[in-house]
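Quick one: the structure is below, and I'll ask about it shortly.
Letters A, B and C name the chains as they come in the text, with residue numbers starting at 1 for each one.
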Amino acid sequence: MSATPRTPRPAAQEHDAPMLLAPHRLLPADPAARRVAWDLYEAVREAPIYSPHGHVDPALLLENARFTDPSALLVTPDHYVTRLLHAHGVPLDRLGLGGAEATPGGSREIWRLLCAHWHQLAGTTVRYWLTDQLAGLFGVRVTPSEETADAVYDQVAAALDSDAFRPRALFERFRIRVLATTDDPADSLAAHRALRDDPAFAGAVIPTFRPDRYLDPGRPGWRPALADLAAAADEDCGTYRGLLAALRRRRGYFAESGATATDTGVPDAAAEPLPAEQAERIHRDALAGPVPPADADAYRRDLVFRLAEMSCDDGLVMQLHPGVVRNHHRPTFERYGPDTGHDLPAPASFTGPLRPLLDAFGTHPALHLVLFTVDETAFAREIAPLAGFYPSVYAGAPWWFLDTPSAMARYRSAVTDAAGFAKTSGFVDDTRAFCSIPTRHDTARRADAAYLAGLVTTHQLDEAEATRIVVELVRDVPVRAFKLASGRAGRRGAA
Amino acid sequence: MSATPRTPRPAAQEHDAPMLLAPHRLLPADPAARRVAWDLYEAVREAPIYSPHGHVDPALLLENARFTDPSALLVTPDHYVTRLLHAHGVPLDRLGLGGAEATPGGSREIWRLLCAHWHQLAGTTVRYWLTDQLAGLFGVRVTPSEETADAVYDQVAAALDSDAFRPRALFERFRIRVLATTDDPADSLAAHRALRDDPAFAGAVIPTFRPDRYLDPGRPGWRPALADLAAAADEDCGTYRGLLAALRRRRGYFAESGATATDTGVPDAAAEPLPAEQAERIHRDALAGPVPPADADAYRRDLVFRLAEMSCDDGLVMQLHPGVVRNHHRPTFERYGPDTGHDLPAPASFTGPLRPLLDAFGTHPALHLVLFTVDETAFAREIAPLAGFYPSVYAGAPWWFLDTPSAMARYRSAVTDAAGFAKTSGFVDDTRAFCSIPTRHDTARRADAAYLAGLVTTHQLDEAEATRIVVELVRDVPVRAFKLASGRAGRRGAA
Amino acid sequence: MSATPRTPRPAAQEHDAPMLLAPHRLLPADPAARRVAWDLYEAVREAPIYSPHGHVDPALLLENARFTDPSALLVTPDHYVTRLLHAHGVPLDRLGLGGAEATPGGSREIWRLLCAHWHQLAGTTVRYWLTDQLAGLFGVRVTPSEETADAVYDQVAAALDSDAFRPRALFERFRIRVLATTDDPADSLAAHRALRDDPAFAGAVIPTFRPDRYLDPGRPGWRPALADLAAAADEDCGTYRGLLAALRRRRGYFAESGATATDTGVPDAAAEPLPAEQAERIHRDALAGPVPPADADAYRRDLVFRLAEMSCDDGLVMQLHPGVVRNHHRPTFERYGPDTGHDLPAPASFTGPLRPLLDAFGTHPALHLVLFTVDETAFAREIAPLAGFYPSVYAGAPWWFLDTPSAMARYRSAVTDAAGFAKTSGFVDDTRAFCSIPTRHDTARRADAAYLAGLVTTHQLDEAEATRIVVELVRDVPVRAFKLASGRAGRRGAA
């Protein structure tokens, strides 16, 4: 530290002013590049949102109830937020997890914990998102801190009390054109159907078929899941053949209810067919008792293969995301359940594991296979090369731990040279935090504008084509990859 | 650095003009960095090309026939191009693969398909290369599209009709100093020898010894390959010892014919000696019938080890590139054969697998081991650290899926800190598309100028030394790594 | 950030002048970003150094003898330097390794070899560090070369001859607040204790407990190590239980001698408990003779697990760094011993391997687990996500092959989005080259200032908070991660 104390100068004001959102945030600092990036961003900043992959509960929009309080909206249900506070030593029960009785101070106390750790979250995308929501959506103008926590809380709470902040009003304000949820195959989709039939709601909210519960015959929940599915599909799931029939039938029901896609999370990307009798044998064994891990793996890999086969038949887009170790910390899982912030990435590979699936279906005209990864090394090494050969393969957007400004920049750098823009999926917000949807899409639009500006200023694209691309990235690209022009999404005006 | 100061065209218009090549393309946008990068680039833009690793057919230069048409020059034989069109749903037979009868519209129809997909290729390096060739070499000034396809076709076709576009004339115009091809050990090298003896051709075209066909006793082509080699070398390849003798003899023949290097593609980098009797046993078994994969792997790893040993004896540079899954899509392979765009990268490692080889030969003064990878994570993690200790190891240029502007930047960033410039290989174009050679080298020169400009503007190098380095990178570095000053290449003026 | 605009030295000359250190080196070239980065750097350029992880011999400071000559200071003992010269064909014995008799020309001849290869080291971090030391510390103004070698040598030698360049004087001049060494558990720590008791020395030099010699019962040195430890701890190490007791006791002794941390290098990050009787059985077997690799691995993984358990009890910070293949080149190891430049990185993973350890201790309030890697792919994929959930986990600084300007930038880009700054370790110099300590810390400070300036100019942070962070990164962050406010380090004024 220098001998003479420095007094920081008020550079441009905008970024020194507390919680004022700088219009140029995330865009390049260089004036020429910023000008180009700004123009590109302007072309899409107000564009409608296509959200083909997320975790919002459709009941939220069906019921259209007011959000109860700031913490219940922005902290407790968002494991992106709670995990970071936990990393700084805040026990999850103090954040409202594991039952309300655990947080005697209630919502306000949770909010104070968030604000007290605000500085420690500096640089994280979670804080960027929260800032964008607090300042952009709720008009907060003071930086959260222990001192300002109550004032911020009150301001947000007051807003939530108004009708303008009910879910449907926000859905309109956010300009959401299509919102896909994530649903179990046994789900009745009652909320979706009620929403579709509600004349007061014009939005397109569509389900996504997520069969993860049926993939691992080694998990305790597998047998109960089969029972649910058998009831929902009116098929006997006592055989593997029955399970496949039930899945097929429910896919049909999902498609009829507006779904255009499935989504599957797997420990690895392997997909390989088993002889039918072998799959049946493992299914039978698993109904009778525990199966060895090798059997469970073989079973899952066959089932992933069969899901691709079904996609060729019914045209539902197949999303696949391997490489996450779920519920890494057993004590936290046992106390708080799943989706509590300790699903953690591991190395992932695609080229080898997907070979049997792509041999069989890689050039099938009905298949769209969107590959997501949390191991970004796979983007340049495998996903872009695969998307640059197989007509069925789309390079999924940077996702989960990678849906951050810098990871988005690395993604475009890794993927574009080999696969361009037209074989990518478009951004997916993957969120259960409703108010973060426009924030996340805005982040992606800024990141893409910044990337494209780099191509323009280095003369790899001209501005006219870059403008065309930035617009396509928020509309044509997801509409094509996720087939949103077809079915219910299309009828609601997605195309 | 140019003698006369250059005044580049005003940046404002240049990138809006259709298909005009901006002089500053790929150089940094920041004015100060661009000025430095431009001066560095100027120092090498006209420098001769050393191409020590590629796939041009020597008969092209021997026969010196006119290229028949634009698609046969720029589309059909270049799997970089066809794979991307295939990814957008164009069947390969519509691009001229699998026999001409498959494309009734012929060359012009293929060209129209390329132009119709031009916008979808935006951002890809393939389109950058094609733009550079169309605009820079053929003087095309309109952007390819469905509308302009025929006009562009006609303009290129007209050029190809002139003697100035015959292979030898282009060889001169491209300023190619050394061109290495890739050749099977059983090849007679007749074209090379005829070319060498042709008084009308002064260029240095040298073969490269590529023994891949002999490495995997589990492949159907292995036994026929042995027969070819036995005939060419006049050695009995019925024993492993005989195979080694035949390879040694052919290496001598290659060296005598101008080769300075070998090249080997392997699924992984492992190289480990087997006891002689074990290698003989596997060789015998493989002649008699199928061998188990473990035997085939052990055999290959021993053979890679022996190839390194031979390099210590005869001084041929050893190139090794692991980590590619060949012919990934079986149906495409069965219909169209190899090298049709679906060789795909997988994770690769070097430190562990190469240990036995480097223990034995890593400090041998005659060994040059150039390591290539399509898994760029290996650059910083393994290849640069290996090249920063072992005198024999050179960090191969970013290659194949990685010979793109952004991957080149990442390569320098990953490799330079630990290995500098002097232990890299220099750029290799690795191409079978003859007209893309100067384009690809120009891309690398621009990328290196941009990288070096970054070191200059951040005061890690001064401009004088940066200029010295950028010149060395296109001349001294490849000449040293590939030993181009020796033998025929040297006699033809390479040094 | 000063109110008065700064006029940095004219850029034109500064980087052309031989060996003049440009004040703005490593900072961004863009003028606006450079201004911000410079102000951030100014806030820490003179700040004291916390060095919680390094390899300086405490006897150096205890004896406080003059450094004998330039090569013995800057070349021979620094494997970062010797490995690069070796990569360019200089045998290690010509650099003073393997006994002085091997270098008849002595120190001056070694120095000439370094200077003759100066240009070949262009772009490497090693040359950056040496330049910084020669120009910044010794006032050298000519660029090293064959021609200038003797003059540079004489200038450095003359400086070393003065009392101002004795170790303790440099320790003061470098403003080292805490210096941690690396020590075997059996070490008496005599030098540390003598230094602590020396009234003429006020610095805090603390040991670090490094039990690597005891982890692998398959290595020849394991049994002698046990004997040393048994003697030091006065425990019978004939049983595994006895070994654990001895380690516990020595940890207590280290803590009492000022240690706040342990450090462990392992081939992989796996840590998994064994049943006690199984560990005892392997221990017994290993005392009797060779054990199979699977046993040795299981033993090590249990022992790593036990070390974490001990950290929960005694509060010593646990440092773990997997993924290095030690002594890669056997002939060099046999001739010159360990730490001679051929420890080489391999792929590393953390999420899966650490799961049992983190299940057991991940939320223990006493555990600090600092994870280092030489496989930078793990930063974004695993280390940042782990540090963003587990309160015990800290993302270790880029280290060893990665403590370079560009790798530091990649590290911040990879880690910050998910884990912020507050869950990182702060810079560690990890050096045995005493005079490189301030150079390396300065490099990190510049890299962090540059990174933070990027966040400021893209409006992700305001300058005031960025200033606060850059200061925390050199003080509060390492003090917290390494618990330097406690014990001896704290008493010597570290907090």
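Worth a mention:
Criterion: contacts are C-beta pairs under 8 Å (C-beta built on N, C-alpha and C of every residue); 3 or more make two chains touch, one makes a residue touch a chain.
Because the structure is predicted, anything quoted here is derived from the model rather than measured.
Under the contact definition stated at the top, the chains bordering both subunit A and subunit C are B.
Under half of the residue numbers at the interface between copies subunit B and subunit C are found on both sides, making the touching surfaces mostly different. Centre-to-centre, using mean CA coordinates, subunit B is 39 Å away from subunit C.
Counting partners per residue, subunit C has 30, 347, 377 as the residues that reach two or more other chains.
Across the interface of their complex, subunit B is touched by residues 30, 32-33, 347, 349, 351-352, 355, 358-359, 362-363, 365, 377, 380-382, 384-391, 393, 413-414, 416-423, 454-465, 468-469 of subunit A. Residues of subunit A touching subunit C in their complex: 1-3, 6-9, 11, 14-16, 22, 24-30, 83-84, 86-89, 119-125, 127-128, 325, 328-332, 341-342, 344-347, 374-377, 401-402, 404-407, 410.
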